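Below, chain A partners chain B and then partners chain C, in two separate complexes.
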Partner chain A sequence: MMNDMRGNKGQLQTLEPILITIFLALIIGILLLVYVRINSSQQTTAVSTQRNQEDVATLARIATLPELKCSNAFENCIDEQKAKAFSFMMADAKSRIFYHAFFGDANISISAIGLDGNNEQIPLYYSLNSTNVKTTITYFTIYDPVTNTRRFATLMITRPT
Partner chain B sequence: MKIGMKAQIEMIGLVFVVVIIVMGIVLYAKFSSTAQNHAVKQEQGSSSFVTALGQTTTPCGVPVERLAASCIENDGQCQDACSQLQEVFNTITSNTLSKQGVKYNLSLEGKGVQSVDNCNSADPKVLTSPGGMIPVVLSNNGRGRITLYICR
Partner chain C sequence: MKGQIEISFQWIMVAIAGAAFLLIFFFTFKACTQVGNAQIEGTTLKAAATTLSATAWQAEVTKNITLDATADCIGGVITLHQGNSAQQLDLVPAFLPGTMHDPQLITHQIALTLPGVPPIVLGSVLYALDDNTDYYVVKEGNYRQLAALLGARVKLVDANQVSSVSGKNIVIASYTQLTAAPQNARGIYITNDHISFFQSKNGAWSQIGQPIPSAGDVLAGGAVASADPKLFACGQAVTAKRMKYLLQEYVARNNDLIPLAGDKCRSLLSDSASVMSSTSSIFSSNIMTYQQALYSAGCPVI
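Right after this comes the complex of A and B.
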């Protein structure tokens, strides 16, 4: 009886360092896992932020393109007639190839909000086939030189994620 | 023997607590940086939104900025200027921010003209950024302002 108890105690004492080692290994494993997860998540966020900034910069550059910008001194303005002509021109594959260097793989469109309820979509550029996409939006006014009025408009760029 | 075992258990408990605290700090740092990026993006959006809104031509034939000034001064340049401005706010926000699922508070300060969707601009806890603002220049050199707040 006495011998059995001593044997059990001895076994426990032998197991102690093993249990502690396993416990420490588990903790280190969990820490490494958390570190790797956070690191990869931060990289994804950094790439996403950079892409978003690029998209915002592209949208801002669009309004400075002579093919699209308003001929008067208005800021944040796209000429409606020029935008429609540009959209018509993009139906030609050669034009899309020419502008691919500037826009890359993306779909870009203007959605003009009419205060009378008539909204209008103008697809500016399209060269995107991917289904996993992300859309960035900025706001502009679209100027109609015929009526000398400016409508509120959203400019959307859709890119693969 | 018992004292030695107790000390070991206490040490393990201490290590466990330290690990939990470190994990908490790391997770907090990660989420706070993500929230900051989101706020910067929202602020850019708010700014371009109100800038474009201010330049939009209203049914009265003047830009929103001028219509807002007419609403504040009640100068009669546009009939029912405040009602027209309210209509413009509602039409534009319902076609843009509402469709994007954004919670917002767009208002002409001091005149009660506002378009709101689940966003209390007086509660700083729910605001993601200072938002966008454009000044409304009045004929007496006074100033009003149109502001847009975006909420979480």
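Right after this comes the complex of A and C.
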């Protein structure tokens, strides 16, 4: 009986260092896993915040492009005829490649909202292949230089998430 | 005695196993950190490239950014480098120096102007001025205009004081031939139709490459910012391309407006479109007189 107990104690003493090593390995492993998860989550949040800011900034900058902005002193104003000419120019792949430096992978369009309920959509720039997308909208005035009238318009940018 | 030796031996084995575990964890942790750092480095460079691209298309902006990077022109494309990361600035009208530390970004609009008439905007350019470089403009020729374009980081110097300027890196721009060559300096000689680049060597100027055809103060400012013929040519080529696209769009808009506009505007729009259809003719003819005529007649201007 005493011999059995001494045998068990001896076996336990033998296993003790192995058990401690496994325990420590588990603790370090869990800590490492937690670190990697936190790090990855922080990076994802930072990238998402940066993209949101980029989208808003791009929309604000579009109104300052001479390719689109009104020739008169109106602020946040897009010239309808310039937008149509630009849209037509973007049908050409070479032009699209050039403007990719500014717009990146995105679809950008303007919706002019008429008081009579007739809305007109002008696709400004299309270079998005992704299906996993996010859309940001801002508001502008669209100006028709022929009739010298202005309409309310939304400017929409769609980018990959 | 035998049991004690057995237990000690096991502890040694466990210590070796423990050390092996720790090594594995250490290298895994290090690898994870390196991947994270590489991602952050790549993201930083990408963010900087995005900032440069977006800023270059805006007019009259001055801002400082935190960036340590080098730039070169590979196959006509400006490429930023930071550590092992590289980022192309494809088709960005930017004039960057070869080495940048916390640069100041300054943008300017290229436009044809006439008092009282809306300007015809032909594009924009971006200068990046390195924080570790001292920029000097020699007080000769059209120096005031050039210094104004380059902002507060630029100092003015008399032609006879050029040899006494000192600094880690120096860029000296002049509208007259440079004579004295201080240490660690790059020289830019601007004429009406060409820009030449020099490097100081043993107290004398040595020309880098061939003179580059160029005209106007806005592009001369780009030459000072880049201080390198290859990087300057890269920025200038993109600036010209943007101008071409803008003119193409203005012509298309004018042509679209011709059937929609009233009788008095039709011929003016048509004349204006025909002048703008060629990039070279826009500088040789006075397109602003058409713009003024359109504006005075109440017709749509560019």
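The definition used in the following text is that the second predicted complex is superposed on the first by the 118 of 161 C-alpha atoms of A that agree within 3 Å, B and C clash if a C-alpha of one lies under 4 Å from a C-alpha of the other, contacts with A are read in each partner's own complex, and residues count from 1 in each chain.
Basically, a residue touches a chain if its C-beta (ideal position, glycine included) is under 8 Å from a C-beta of that chain, and two chains touch if they have at least 3 such contacts.
Everything quoted here is computed from the prediction, not taken from an experiment.
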Contacts of A:Pro66 with chain B and chain C, given as first, second, both or neither: second
Between chain B and chain C, more extensive residue contact with chain A: C
Chain B versus chain C as contact partner of A:Tyr139, first or second or both or neither: first
Partner chain(s) touched by A:Val47 [first = chain B, second = chain C, both, neither]: second
Which of chain B and chain C A:Arg151 touches, first, second, both or neither: first
Touched partner set for A:Leu128, first chain B, second chain C, both or neither: neither
Contacts of A:Ile38 with chain B and chain C, given as first, second, both or neither: first
Chain C-contacting residues of chain A that also contact chain B: 20, 24, 35
Residue ranges of chain A in contact with chain B within the complex: 16, 20, 23-24, 27, 30-31, 34-35, 38, 41-42, 45, 49, 52, 56, 74-77, 113, 115-117, 119, 137-141, 149-154
Complex contact set, residues of chain C against chain A: 3, 6-7, 10-11, 14, 17-18, 21-22, 25, 28-29, 32, 36, 39-40, 43, 47, 50, 53-54, 57-59, 89-92, 109, 118, 121-123, 241-242, 245-246, 248-250, 252-253, 256-257, 260-261, 300-302
List of chain B residues in touch with chain A within their complex: 8, 12, 15-16, 19, 22-23, 26-27, 30, 33-34, 37, 41, 44-45, 48-49, 51-53, 55-59, 63, 87-88, 91-92, 95-96, 100
Chain A to chain C touching residues, read off their complex: 10, 13-14, 17-18, 20-21, 24-25, 28-29, 32, 35-36, 39, 43, 46-47, 50, 54, 57-58, 61, 64-67, 71-72, 79, 81-82, 84-86, 88-89, 95, 97-102, 104, 145-146
